[in-house]
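Look at the two complexes coming up: chain A is in both, with chain B in one and chain C in the other.
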Partner chain A sequence: MKTTIKIAWRNCWRNSLRSSIVIASIALGIWSSIFLMGFSTGLVEQRIEKMVNLEIGDIQIHSTTYDVQSDILSTVQDLETTENLLSYNPNVASYSSRFKTDAFALSPHGQQGVKLLGVNPADEMKVLNLAEHLEEGTFLDSKNTYPILVGKKLAKELHLKLNSKIQLNFTDTNANQITKNFKVCGIFYVGNDAFDGFTVFAPIKTIERLTGEHLIHEIIVKTKNTDNLASIATELQSNNPNNLIENWQKRYPEIAYGVDMMDTTMYILMSIIIAALLFGIVNTLVMSILERKKELGILMAIGISTWKLRMMIVFESLVYGLVGGPLGVFLGYVTIQYFGEKGLDLSGFGEGMEAFGYDPIIYVQIDPKYYLIYTSYILLATFIGGFYPSRMATKLNPIEAIRSI
Partner chain B sequence: MKKLFLILAWRNIWRNKKRAFITISSIAASLFFVLFLRQMQFWVYDFNIKNSVAATVGYIQITDSSYVDEKIIDNTLSSNQVDVEALTKIEGVKGVYPRFLSGALVSTGIKSKYAGISGISPETDNKLLKLDIKLRKGTLINADDRAIMITENMADYYQVSVGDSLILMGQGYHGFTAAGIYPIKAILNFPVGELSSMVFMPIKEAQFMHVADNRFTHVLIDIESNNQLEEIYSEVKKVSNDSQISVRTWEEVVPGLKQGIDMDANSGLIISGILYMIVGFGIFGTIVMLHNERKFEFGVLNAIGTNRFDLLFITLTELTILTLIGIVIGNLSSLPLLYYFNQNPIKIGGDAAQAVIDQGFEPYMGTGLFLDVFTANSLAILAIATFVSLYIVIKIIRINALKSMKK
Partner chain C sequence: MKKVIETKKVNKIFGDGEIAVHALNDVSIEISEGEFTALVGPSGSGKTTLLNMIGGLDNPNSGNVILNAQDIGMLKKNEMTEFRQKNIGFVFQAYNLIPVLSAYENAEFIMLLQGISSQERKERVYKLLEEVGLKGKENNKPGELSGGQQQRVAVVRALAAKPAYILADEPTANLDSTATNDLLDLMYRLNQEENMTFVFATHDQRVIDRAKRVIYLDDGKVVKDELR
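So, the complex of A and B:
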């Protein structure tokens, strides 16, 4: 066996240029696709991290009727009990209870439908990092009676600056129209048009002054450990049947879908690349066999076992994978480390990406398991790829093969 | 003489059938995959542009120049500012649609929400918006109706149906309040995008409600094909040569969509690039082997007086034919599948659909039959093959008969 491997290894380097080409194509193919995988993972993960930390929180609580009726009466049930449960739950880091309704925002320069969120600034800041994403002003820390925090996109649409006036209209629980002028106390920028353009924050105290009631439609929760959100949510839910308690993956399946699909996408990409590489590998092996017909014929004539002959050729194929695979994976690893640290600046495409909530600087990252998977994958592929050429070799007729040039 | 060369090149290919077969199939398989990927991407872009852009933003839109920055009713066009007839006559223009687009707080009982208002001309817009297909309940509005049409999403939210009324309240012209109570005459199916929360009413009624008679916010221009966009744009500019008027293409109006498309297209380009690189290496490998095999033969031919350029011509012809066969097979084999999905686009369902919608696209998947995608990718492979052929060009030009013949 050892001899067979040795011969296979040496056979590969009889025509070193040709073997180098195959190995280079394997290495480059793997390297570039690892980079692409790292890039897409980074893109998706960063987007989700941003959404969870700045927009939606880890777990959300609504009344069971909220999604059906979505009106101002669909408030969180058994509020006090629910809040107590959260306070004493060891997994919960912090939570914020919010008033949430659809409102109509008017300025002299335009109009826009928005989600109006009434929050307790101190609580809200413990759950979402929005306070660190202010372009101007403060997170509702204002001496004004009616301060409001708006997104940069909305500010642009309605021509709002700090201290600009903006009129909000919404309906209270008695079907009365509430119309009130607010003063902009801060402008946030998350980099997602769907959030920056349609969300405004006001202190819940201000809202209560307008509605005369303590209405909570949504509680967002930050947990201490984000690894088992689903079980934390289930546990909370079991003690709280009148409300719907969902981790963000369940509440926003379309966002979680991007993560779920990640693995599938990776395997598809790896398979396509390896399929393309196999053509080159098989081609080279077939050529090398046709070249060595005479030699193989002699080997067979002097009695090499079919199995040994086959193994020799399969090993030759494996050599390509064994050299090219790890080389490509190593290059990929180095590149991922480098751009994971330094980030890849794509501000050239910035506007389009940011419109959908992506960062202009991508910190590429990849689940380390893929280094192993990709290496095994290419080894398996080269192993299987060696079978057809090896069959071809054993099918040679020794006499005819020796006679050939 | 040249005919002989061609015959030689052709026969050379088949001297090693297995190699020719593997090289051809690697080219064909990669091209097949790339074509499928790219035709799918471009179909999706084209579909989205046709469906969302044409009906909502217009391929080209004309507004008052101050409306670009400040979307309020004060910045509207008066009907004599735009020569609709002249615009219709421009070649490639399918239709010209004046619109009155605005927004209002729409409410009933304790439910109130902002919705867009679309003042349309039923006689022309019904066709552009395909309202007869979208109609779910009731009947479509006529130009003189004082009624509205809403979407299924809105009907669910407000718990209303045909015959019920909704209250609309917004900002009108020159500080007037735009308000009214309107009966629902029809319910339409617009599940996604901007149109999913839109109230449709006759343009006349929209003007009346906003106290802006004979004014409109937009003139949308629908064109035959996005390829003619630049051309028609400059024609429209000539007709509407007025500093008060702004003419913009959809790429300027919704830069996010344009850049989203560009970004998505780039991802496909990168995958194609990696595959082409691998194919390039494959062809390169074939060339190196081919040279190794025939080194001796080249030396002999050169020694007995074959011009090295003739030799080069034969070899390059051989490689070109090989590549072309791969390209032709790649193109032809992709056709049935591309044609099938072109005729039968798939509707994406479930979470995947919402994820696609989040990206700003409609949840449909099909494949295009765009000629330029076929040609561009075929040429790309040809270019790579030409590039890697440089190896043999150099080898043959520098041929030394004596050295080549030493085994």
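So, the complex of A and C:
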């Protein structure tokens, strides 16, 4: 066995250029798929993190009718009990109860339908980090009686600056039109047009002064541990039949689906790359066998067993994987570490991406288990890659092989 | 004297129909332990074919081949391989050695396959390499040895495994006359001192001159069998 491995190892380095090319292609293949994986994971995770931390929170609570009929009447049921449940749940870090309705915003320069959110700034800041994403002004911390926080995109469209006036129109529970002028106290920028262009925040106290009621349409929740959001949501839901309590994955399945899709895509990509590598490996082995037919014939004549001969060829194949695989994984690891730390700046071609809420700087990341998965895949692939050539070698007729030149 | 090789009415035909070549035609020979035999004959006369037959590398179309008291017609491919490993030493015309292994590693190769202990391998290889004048070359790769030196390593490899006999197909074809003489001296001495049986297929007059028995082949038939 030792000798078989020794011969195989040395055989690999007989044509060191050829072997280096195979090994380099393996390393490159692994490296690029690790990098791609890190890149898309980073992209998607950042997008999700941003959404969860700036826009939606970990868990959302609405009345069961909210999705059917999202008007001002669809308020969270059993509000006090629900809020108490949240306060005493050990998994809940904080929550923010919000007034949420469709409104119409007007300025001298234009008009726009928006989501009006009435929030308690202190509560809201404990759930979302939006306060850290202000371009100007404050998070509703204003002496003005009717302050409003608008997104950058909306500000641009309606030509709003700090302290600009903006008129909001919405309906109260009695179908009365409420019209009020607000003063811009801050402009936020998340980088997602769908949010920046259509969301405005006002203090819930202000809203209550206008409606005369304490209306809560949505509670967003921040948990202490995001790993088991689903079970936390289920637990909350079980005590709260009149409301719909959903973790973000459930409420926004298209985003969660995107993560799954990405994983699948990565596996497919990895399989394609490995299949391509497999062809290269088989090709190289076949060439090297044809080149040393005579030598293999002599080995067979002097009595090497079919099994040992096969092992020898399979080992040769494995050497490629054993050298190329870890090399690729190492390069991948270094690259991921580097761009995970420094970030990969795509602002040059990131215009379109930004509009969809993706960061122009991607901090690549990868689940470390993939290093192991990639290594075992390539070892498996080289192992399999050795099979056909090894069979070919054992099919040689020693007499003919020795006669050949 | 113990018979180590026996062929009974062996026929070998390559191809069929019009292009069939009757490479061996009713060849019956017997070779006993300790013989030093040359198979000679013109090109195409069937020397290599016969050698392959008694080397257990090829099967006859008809007739029996009995090697070291074993009728090899009974053996399966794997058993045949093992039989060769245990009983037969080979020295081919050229490129006998595994290029990636040193002289020492090549020499011990068959013993490794046989599962002989490293201590024993070491003793046999060092002793034999010294005997054939390759002391100090143990770590050289075949590429760093002359043709004659490579052939001597091949002889050591065959011999170290203690086969029943050694077959050599044109072992001197690629050697100059000094190397040829050295190799012949070596094999002759091993034959004399260790009673090792050698069978050569050869054109080389220098080899024929040293042989103790010469079997002449022509057109696949034994035409003369001469003991000297």
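By definition in this document, the second predicted complex is superposed on the first by the 404 of 405 C-alpha atoms of A that agree within 3 Å, B and C clash if a C-alpha of one lies under 4 Å from a C-alpha of the other, contacts with A are read in each partner's own complex, and residues count from 1 in each chain.
Following the convention adopted for this analysis, a contact is a pair of C-beta atoms (placed from the backbone, for glycine too) under 8 Å apart; a residue touches a chain by one contact, two chains touch by 3 or more.
Every value quoted in this text rests on a predicted model; they were computed, and no experiment measured them.
In the superposed model, A:I272 lies in contact with chain B only, and not with chain C. In the superposition on chain A, A:D193 contacts chain B only, with no contact to chain C. Ranking chain B and chain C by residues of chain A touched puts B first.
Touch criterion met: A:S33 reaches chain B, while chain C stays clear of it. In the superposition on chain A, A:G212 makes contact with neither chain B nor chain C. Once the two complexes are overlaid on the shared chain, A:A301 sits against chain C while remaining clear of chain B. By the touch criterion stated above, A:P241 is placed in contact with neither chain B nor chain C. Of the two partner chains placed by the overlay, only chain B lies in contact with A:E254; chain C stays clear of it. Residues common to the contacts of chain A with chain B and with chain C across the two structures: none. Residue ranges on chain B touching chain A, taken from their complex, read 16, 18-19, 22-23, 25-26, 29-30, 33, 70-72, 103-105, 107, 109-115, 157, 169-171, 197, 255-256, 258-260, 262-263, 266-267, 270-271, 273-275, 277-279, 281-282, 284-286, 288-289, 292-293, 351-355, 357-360. Within the complex formed with chain B, the chain A residues making contact are 15, 17-18, 21-22, 24-25, 28-29, 32-33, 36, 40, 70-73, 102-104, 106, 108-114, 157, 159, 169-175, 177, 193, 253-258, 260-261, 269, 272-273, 275-277, 279-280, 282-284, 286-287, 290-291, 349, 351-353, 355-356. Chain A makes touch with chain C in their complex at residues 3, 6-7, 10-11, 14, 294-295, 298-306, 308, 398-399, 402.
Against chain A, the residues of chain C that register as touching in their complex are 52, 55, 57-58, 77-78, 81-82, 84-86, 90, 92, 95-96, 98-101, 105, 109-110, 112-113, 157-158.
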